[in-house]
Amino acid sequence: MTPNTVNKRLQQLQHKTKHQICIEFEDQVELIRQQPDYISEIEPFLNVLKYSLHPCEFQQQINSTMVMALCIQAPLELFHAARVRIFKLACGSFAARNMATRSLPALTCPMIKSSTGMLQSQNNFDLNRQYMVFPTTCDWVVKWRELTGMDKRQTHYMDLPHLRENEQSSNKWLEELYSLKKWLEAIVKKSITRKDIFKAIKAYMDAFRIFSKLIELRRQQRISSVHFAVITNALTYDNIENWTACTGRYILYPFHEKKESIPIFLAGSPIIFPNVKLLTLIEASSMRVAADDICSMERVFPGPACYEDKSEYALMRALSHRYHRACICPTFADNERRLNGMVNVLKNGKIKGVIFHVLKGCHPYDIESVIMENKLKTLGYRFLKIETDYVKEDEQNIVTRLEAFRQTLKQIKKQS
Amino acid sequence: MVNRVRMICQHISFVLLIYGGRLGIHLGSSLPCFACPFVNGCGGHCYLMILQRSRVGFQVTFDYLFSRAGLEVLWPFVVFLLFFVPLSKLWCGWLCPFCLFQDWITMIRKKLGIREMIFSRKTHIRLRPIKYILLVLLILIPLCIANFNLHSDWALPFCRICPAKPILPMFAGNFTHFHLDFTNTVTLCFTALSMVITGGLLVGIFFKERFFCLFCPMLGLMHIFRRLSPVRFEKDISGCTGCGNCERICPVDIHEVHLENEKKDVFMQNCMGCMHCVESCPGDNVLSFKWFGFTLFSSSRNYLSLKRKQ
Amino acid sequence: MKIGIDVGSTAIKIVFSADNQMIWKKAVPTRPEQPALVNELIQQGLDDCCLLKKDIKTLCTTGYGRNLINGSSRVVDEITANAAGIHQLTSGRARTLINIGGQDVKIIKLSDTGRILDFKMNDKCAAGTGRFFEIVAKILDTPLNEFSFESSDEPVNINSICAVFAESEIVSLLAQGIDKHRIIKGVNNSVARRIANLTGHADLDEDVYVDGGPALNQGLIESLENELLYDIKKVQDPQFTVAWGTLFC
C-alpha cells in the first residue's frame, strides 16, 4: 500500500469512528430525555459532556490552553490557578474502541482503549503537541504514553507514591505537586501566585458545598443515578464556576423520593458517560444508587481542602494531602481505610447492598473486589460483583443478577 | 464556629487572669495554666510556681515532706486537681493566656502569608520527653535546696527560665523582667538563660504554631492526670478514611490521631483540646470530645463544608 | 391450577401444578417466536390434563425470555425462582445449589428458610454450561442421554477453556482415534473443573444440590463430586426446578 492509500484509509476510519461516537452519544442522551425523571436542568451538563468526546472541538470552544490529564490525583485547583482548562482523558464510548484496537493489546482496560480511540479518531490532531499529565496510578496509565507512541516532550508524569500513611510519601507527593506547578507555569509562561491557588481552592470549595447538597439529595434517593453520573462526569470538563452555578440550579428542583426502590452502594471501576449501562440497569431493576465511591462520580471531590494558613506552602500541602491521602484509588498499598468510609456511608444511609463494578481488564479494581467482598460479607453486607465492559450484549445476564440481588436485599428488609 | 468560641474564651480568660486582680478577682494560686504570678494584679497563679516554692511546694526538707505537715504540700495539689478535673487539658487550648499570646503571634504570621515550619514526626517524638525533664527538674531542684544545701538562688528554677515570666507582665506594663541579674553567677546564668530561651522561643513561636507548648511542663503534668478528668478525646477508628486533615491542621502536628487504628482514646501528650482537628475532620462523629460521655463537639462532614463559607 | 414457565436460553420448561403437585411437565428446545411456542405448549398441557384456559389461576414466568410472554401474572428472575424451587422440592434441606443452565452456571447459597444468602453467576461464556455439552454431543454424534455410563476408561485431558476451542481440540482427539468414552469422560471432568472454579473451591454448606438440564448426566455429577469433594444430590426432575420455583416466590 502506498502512503497515500494508508492515509486515506486512516481518514475514513477516523470519520467513521467519529460518526459512531456521535451517534452513541446522541442515543444515550435521547434515552435520558425519555426517562420519566428527566428534568431540563441536566441539559447544560450533557452539553459539556458532548465536548468530552471531541477534544478538538473542546479546544476550539475554550479560549485558554487545554491540558489533558488522566486519573484524579492531579489537583484540579492547580490547573484552575494556572488558568488552563483540564480535559479528563477518560472516555466511555464503545464506538471509540474501534480505532484503538489497532494499537493496543486485546485485554486492555476498556477505558484506556476507548480513550485512545477517541484521541486517534480526531482529525488533524497531533497527539505529540498536546499537554498531558499522568499520575502513575495503574500500569495501563503508566504505560499509556508508550503504547500510543507519544513522545515525552509535552507530557508530565507525576510519580504517585503508592503508600500514603508514611511521611516520606507525603513529602514526595508534595514535591510532585510543586513540579506540576512549575510545569504549568512554563506552559502559561507566568507564575502561579499563592493568591491564584487560594482563589482556585475557594472556587472548588464553593463547588464542594453545592456538591454536598447534591449528595444529600442522593442519599435520600431523590436523584437519578444516571443524572448524578452526568453531573459528576461534567466536572472535569467544565469551568468550575459554571459547573457550580448549573449544579446550584439543578438541586433547586423539587425532587420526589423514590420510595419503592432499594438503595445500594456502588463501588469499583469508573463509570464514564456515555457508558452508563450499569446505572441504567440498576434503575431498571428498581434499585437506586444512593452512594458510591467511584472516582468518576462521588469521589471526584475527595473532600474539602483544609489549609492551616494562606501561605503557598500550606495551600500546596493541603492540596497534596487531599489528592493523595484522601484518595481511594485501588493502586494504593495501604488502602484499608477505604472500607471505613464505605461502611460509614452504608451505616448512615441504611444501605445493605454493595454492587462492585469491574471493567474487564481493570486489574486494580478486580484485585480490590476480592478484598472488599471478604470484608463486607463478614460485616453482614450483601455484595455483588459485576464484571463487564462497554459492550451491551451482556445486559440480560446482568439484569438477572441485579434482580436476584434485589430480591436478597428485599428479604433482609422484610426480616428487619 | 467552635474556633471563634474558643478564641472568645481565650480572650476573656486572658483579661481575667492578667487583669483580674485589679477587679478584685483572684482564683487562687493553683491554676493549671500559665497565669503568671509575676504579672502585677493578676487574677490567679500558675500551679508550677507553688510546686517549686517552700512550705507549699517541694522546697522542703524530707522530714517535713513525709510528716503530717506534708499535707500542706498536698493541699495546693488538691486545689490544682479541682481546677483541672472538670476541664482537663482544655485549660491549655481554651484558657491559657500564654497560649493565646502564641496564637496572636501565629495570627500575625498567617496575615503575612509566611509558611509554618514543619517538623518531621521523628523530631516531634524526640522533643516530647523535654517537658518531663523540665517537670522533674522543677521538683528536684527545690528539694535539693532544702535538703542538700543548694544555693537558695536556685529557688523557682523553672519560673526563672519560663518565657511567660518576661512576656506576660508586659501586658500589665511591666518590662523589668527583661534584664540580666549580675548579683552572682547563678543569677547571671539564670537571667541570661531566660533571655536566650525567651528570644529563641519568640522566634520559634513565630515560625511554629504553639512552639512553646511542645516543651511545656504544665502540659506534661496535666497529661499524667488526664484519666482523672471526665474529658475524653475519642476517635471512631471504624469511620476514619485517613484523609490526614487532623495531622496537618493540628497546631502541634500530632500524627497519632491520623494513624491510630486500634485504640479509641487519642488524647495524645501534646494535645491541648483546641479541637482544630475535630473541626477539620470530614467523617461524621469520627473525632469527638466527650465530657462524662456527653459529646461536647464531634466532627461532621456538614460542619466542615460550611466552615469555610465566606 | 398454576402454570410455571422457564423460558431459558436453550429450552423452554413448563410445569402445571395443582394442590402443590406437579401434574404435567414438558421441556422443548427454544426456537424463535417464543410467545407462540409457549401458547402452543400451554394448550397442549391443558389438553393433556383435560383442563380449560379458565382453570389457569396464575401464570408465572422466568428465564431469559420472561418479559416476552404476555398474560403472565408474575415475572421473577431465574435465581430467585431457582432458590424457591429447590427449597420447596428438598423441604429446605438444600444449602448450596449449583444450577447448570443452557448458557450459564449459577451457584446459590441458601438459608434454612430459603433465603438467598449469596450467589455467583458466570458471565457471557459457554464454557462449563449445557451449551458446551450440546456442542460436544454434536461432534461426537452421541445423544446427551448417553453421556453417563459405567466404564473404567482413563479420561482424556481437555484443556481448552473456551467452548469453541474445545470443539477443535475434540475434533483432533477423534482424529487421533481416541475412544469416544474417554473423550466424554474428559468433557465431564473439564466442565466439572470449570464449575468448581466458579465456586472458588470455597467451603460449601451441605446439602449440595445440582439442577438444570445437564444434571441429568450422572457422569458429570460424579466428576463434580470428585472435583468439589462433596456429596452432590439432585432432585427428581432437575430440569424443572426453576419453572416449579416460580410458583413459590
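Order as written gives the chain letters A, B and C; numbering starts at 1 within each chain.
Following the convention adopted for this analysis, a contact is a pair of C-beta atoms (placed from the backbone, for glycine too) under 8 Å apart; a residue touches a chain by one contact, two chains touch by 3 or more.
Since this is a predicted model, take the numbers as computed values, not measurements.
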item	value
Topology of the chain contact graph, where touching chains are joined (line, ring, star, complete, other)	line
Interface with the most contact pairs, given as the two chains involved	A-B
Between chain B and chain C, centroid-to-centroid distance (C-alpha), Å	74
Gap in Å, rounded to a whole number, between the CA centres of chain B and chain A	47
For chain A paired with chain C, centre-to-centre distance based on mean C-alpha positions, whole Å	40
Partner chain A, residues of chain B touching it in the complex	109-110, 113-116, 118, 120-121, 209, 237-245, 248-249, 255, 258-259, 261, 280, 282-284, 301-302, 304-306, 308-310
Of all residues in chain C, those that touch chain A in their complex	64, 76-80, 104, 115-119, 121, 123-124
In the complex with chain B, residue positions of chain A that touch it	164-165, 167, 170, 194, 202, 205, 208-209, 212, 302-304, 306, 308-314, 317-318, 321-322, 325-326, 328, 334, 336-338, 340-341, 343-344, 348
Residues of chain A that touch chain C when the two form their complex	377, 382-383, 387-388, 393-394, 396-397, 399-401, 403-404, 407-408, 411, 415
